[in-house]
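You will see two complexes here that share chain A, one where it goes with chain B and one where it goes with chain C.
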Partner chain A sequence: MTNIILSAEGLSKRFNGLQAVKNLSLNVEEGEVFGFLGPNGAGKTTTIRMLTGLLRPDGGRVLLNGQVMQGGDAAARAQVGVCPQEVVIWKKLTCLEQLVFTGQLYGLDGQTARRNALRLLDELDLAEKRNSLSGTLSGGMQRRLNIALALVHDPRIVVLDEPEAGLDPQNRVGVREYVQSLAHRKTDRLTTHNMDEAERVADRVAIIDHGELLVLDTPEQLKRQVGEGDVLEIGLKNGRRDEEAAQAALSSLAANVQWDEAGAVLRVRALDAVGRLAQILGALEAAGFQPGAVNIRANTLEDVFIQLTGRRLRE
Partner chain B sequence: MKKTLSMCWKTLLETARDWQLSGVYLLFPAAMIAMYFMAFGQTPSMSNWLTLLVDNRDRGVLGAQLVDALTTAQFDGQPIFSVRTGLDERSGRIALEEGKAALLLVIPADFTDALRSPTGSPAELEMHGDPLSDNYLFARSFLSGEVQAFIDRQTGWTRPPTGTYEFLPNTGKVSDFAAGVPGVLVFGVMFSTVASALMLARERSAGTLERLRMSGASGGVVLGGVALANLVMALVQAPISFGAALLMGFRSPGSLPLAIGITVLLCMGAVGCGFLSACFARSEGAAVAISTAVMTPLVFLSGAIFPMPRFELFRIGGQAVQLIDFMPTTPAASALSKVLLHGMGAESMVYELVLLVALCVGLLALGAVVYQRRVLRGL
Partner chain C sequence: MNLQRILLTAHKSVLETLREPGLLLFTLLLPAFFMLINYVGYGTSPRENSFPIWVTGTGPNAEALLARLSAEQYANGRPVFAIKPVDATLDVDTALRDGTTLALLTLSSAPDGSLAYTVRGNALSMGFTRASTQLDAVLTEWQNQAQGKPAYARLVERPLGLARPLNDFDAYAPGMMVFAILLLIPQTATLLGREMREGTLNRLALTRLSTLELFGGITLAQMFFAALQVALMFATALALGFHNRGSLGLAVIIGLALAFGAVGMGLGMACFIRNDSDALNTGSSVSMVQVFLSGAFFAFPAPTLFTLAGHTIGLFDILPATHAMLALQQVLVGGADLAQVGFRLAATLILGLIYFAAGALLFRSRMARR
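Presenting the complex of A and B:
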């Protein structure tokens, strides 16, 4: 049985007449990597600030481990670690100094804060730089230190806002692996614009727009359920071009069919077409077609996202 | 309290590593004292600022003798004038207009003839200057006396003694430089307004203020840590400032610990002003601009640098209360003058100390409340 660690119940927030978040409810389970996606201005940051106790909701409530979280509740905040999208570090402090300092602010004694700090510096490959001023570190190192600052007090929930942004491939892989390794120990809430990042890392994904929760499910389920679907390019051996017959054969699968200009390749687009490949090929064969080579372009989380939030550019 | 101390230590580390900020913070009052020393501390003689221009047109010898007499004239064992000759009247007037001299004396061509005339025809000496200038008034007063004495000697006329000069106790000992030290110290200490506003604005613009809040640091922890760090800086700054004054010849008859205590108290008031300034500053540049705008009138209208006209509001137990008393710089400057220049103890400045403590506590509290409401609540 899954244990719900964080719940939002009917959260609402309004700024100067603008409804930033509207009656938003969701549950985050212990130990999962939870992807929180949305276009710019969708209400992600406002929701996260309410969920982490930094902002008081106008309506609704946040439950942390079953307890209602009050704004300014230090004990509740100590269970959450937030890594903002921007690198937020004290450039005139060494890596070790700022980790120990942050740990002490969270209420750790000096020894525990130092022990945690040294462990994190080691895990994030920063041990050699522990006595370097953070302002002198490379961008990738600063971003890893940014993550360490969210973890130094050993929180139960970690909120990582686009942790891979601005990283080179080596650093990106390192951070991704670290985030995945964290999932075994704590709950990760990941907010990102990077669909690839969310698709690779998140166990479940919530997509929000205009302050409302649009969908919440695993990436696989979302790809099966939302969007224009997977595309199968099926080569036909007998070269028969009969669009109506093909459409009729696949009508029960809600598929969309199209021939290429040469008439040798049939394009079939349907939700979860990849999962139903055998069924589609069987239906085509039954209708007298002779399917050959098959190319697959699977529906992506980005397709789901665009389908739900539209193509219009946001501020 | 532990969190506040952590915040204080972190602020001190950052400030110490920012050598430009820490250098200016710790050395600003000492540098002000050094500058003041260069302007007023060379010698205690009035001749430093009473420059007398003489256009001697006399055809005889007495004009030159009068110039010699003025050059060697003394008051309290020190030269009165710095005499410059060789200028024509036009050049002299230009020097006066530019404030480079206190007075232009024109000795007429018939000066010797007039003094030696058996009929006693008058010698028309001209004294040019700005009647609104204190220097001109001082110079004219001394010059009149010296010229009259010279004429009396030349004509053989003797007057009965008109009086003797006697200085009041504890006066005449304070040089121009020493008299300015308390005000300059106040100016220097008030730099804490800029420094504390800058520290908070830096946290805000770098986003670390939000991280502090996320870490469970209350407003009291953040502001208390910054205030404590400034207190430590003030405790280091004050001995440096007084040491610089001592090196430059300043000697105080009063208690140095009491003076340091007053500057540290004033520093806390300045930090309160810094908190208030930081409430309206989103960037470091804005923090410097706003805090300077707050600090400058507090220093210059307090009477610390130059005397202010009295505007008495009311009296409490015989103590006149003025409008400017409600700036922390006013009681601080007054208390510092009492202790540093006149050697008075704390019992002689109860009004100033009570007012200073009340204003500093009030400013700190007001700064903290407004910062909490305007900045921290919005995070």
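Presenting the complex of A and C:
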């Protein structure tokens, strides 16, 4: 039997008349990596702020280990480590000072806080900068320190809100590798990290849009909801857009067709699409389409999202 | 409430302030700088001014009047007027404009044979306002005597048993000290405003740190710097020739009590701001209004509310600064001791505590509402 560690029950939040989160319920199970996906403005950060006790919901409640999390419940909050989307550091403190300070405010003794801080600085490749004021660090280093601040008190649940946001490719890889390494160490992790990572590491994924939970399941199950098989993305030279004609042309091949939102690419999903590529292209040509560049890929969570909302995750 | 977390927060706040040398220098030196301005403005002008008055023309008994004016003196024997007869052709207007003289007294004979006089001066000059008031008192009395009218009651000054300021620098120094200490309001609000702007307040809110502990930590750090500020300010005042009549230690304690109240107000203000820029603007306005309401620069009329332990409590006595101002004045200028200012000192401290507690409650409620 699974043990639910974090639970949201009917969370709602409005800002100036705008419904940011609407009756959202979900459970995070002990030991799982939980992916929390949605486009910008979907309500992810608002939900996370409510889940971590930083924001009081207008409706609903949050339970941590089955206990209702109250705003002033510091002991409950201390079980959660939060890495916010923005870099939130004390610029006039050194890396080591602020990690030890934060650790001690979470209840660690000075020695443990310092030991944890030094370990994290080492793991995040900041050991040489431990006595540097954080305001003097590069953007990538500050982002890594931001992650360390979420982990210094060794929390039971770690919430990572877009930890790669605003990073250059080199730093992005470093942060991604570290975040991935956490999956083996932390019991629970809630992340709004990118879809690739969610697909690879998350045990379950929730997708929200317009403040509402659209789906919550394992990545495999979600992809199955969209359809089995590979996806062919076929550019059409004559720009003809006739979904019915395309579906009719490919019906004998048990393929599912869909145009991308720009209307320039036909997306065909079918079992063994690669093996039957010549047949598919031939059927389309016979129906008056002029196939051009072809891209073959596996089903992704992006497809799930497009199927659910008709638009991409990152617009 | 956890003392260790208060100390950790205070230590962090002190470290951050020490690492901004420009701001630190500004914070520490500003009160001393105000004292210097006070000295430049008033340091050399004695409180009991001998007003320079030029006299021209003549008339019946003119010599007797001039002798009467010259004989007018303050309680300490200092002459009230410096009478100087001048030629009627002299460029008096220029002298009045540049303050060489404060008033021109022109004497003449009235049609009925009595002595007539006119007083001329620059209505924009504060000196003329003060000099003409003194002059008018003497001249009216003189005229009444000449006309055989009974003398009006004369104002007799009786000291309250305390000393008097020797010069304007002495008189205004306590107010300047109150002004300087009240600047802790925007300074304190700015500390929290910066935590808000940079999002670190949310990071603190995630930890076990409570609002009271956060406020306690910031207050401790601010009081550390306030102690330095106040010490530096008093040292500057004394170095510039301030005539201290009372206990410097008691004055420092009053200053620190006011600093505590100012820090409490600054923390309370943080409930109404979103960032450090807000804090600076709003905080400066709040502290300036209090400077005037507390009577730091001039006695501000306030409706009386009630009497408590023999002390009249006015509307603006809800401000710690009002009590601190009176207490500082009485100690530094009047030489009062702890027993004499105990009520005001206690009021400063109690009001400071009330503002601190109200600020903490408001802030906690605001954090919870977000």
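Throughout what follows, the second predicted complex is superposed on the first by the 231 of 315 C-alpha atoms of A that agree within 3 Å, B and C clash if a C-alpha of one lies under 4 Å from a C-alpha of the other, contacts with A are read in each partner's own complex, and residues count from 1 in each chain.
Quick note on the criterion: a contact is a pair of C-beta atoms (placed from the backbone, for glycine too) under 8 Å apart; a residue touches a chain by one contact, two chains touch by 3 or more.
These figures come from a predicted structure and were not determined experimentally.
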>> Do chain B and chain C fit side by side on chain A in the superposed arrangement, or is it a clash?
In response: clash
>> So in the superposed three-chain picture, is A:Val88 touching just chain B, just chain C, both, or none of them (first/second/both/neither)?
In response: both
>> A:Ile48 in the overlay: touching chain B, chain C, both, or neither? Say first, second, both or neither.
In response: neither
> In the superposed arrangement, does A:Tyr106 touch chain B (first), chain C (second), both or neither?
Replying inline: both
>> Output check: A:Ala273 vs chain B and chain C. Expected answer is one of first, second, both, neither. What do you get?
In response: neither
> For A:Glu97, is the partner it touches chain B (first), chain C (second), both, or none of the two (neither)?
Replying inline: both
> Where does A:Leu232 make contact in the superposed view: on chain B (first), on chain C (second), on both, or on neither?
Replying inline: neither
> Which parts of chain A are in contact with chain B and also with chain C?
Replying inline: 52, 54, 72, 74, 77-78, 82, 84, 86, 88-93, 97, 101-102, 104-107, 133, 149
> Where on chain C is chain A touching in the complex?
Replying inline: 4-5, 8-9, 12, 15-16, 19-20, 198-200, 202-210, 367-370
>> Per the contact definition, I'd like the list of chain A residues that touch chain C in the complex.
In response: 52-56, 71-72, 74-75, 77-78, 80, 82, 84, 86, 88-93, 97, 101-102, 104-107, 133, 149
>> For the complex, give me every residue of chain B touching chain A.
In response: 2-3, 6-7, 9-10, 13-14, 17-18, 206-208, 210-218, 221, 379
> Which positions of chain A touch chain B when the two form their complex?
Replying inline: 52, 54, 72, 74, 77-78, 82, 84, 86, 88-93, 97-98, 101-102, 104-107, 133, 149, 153
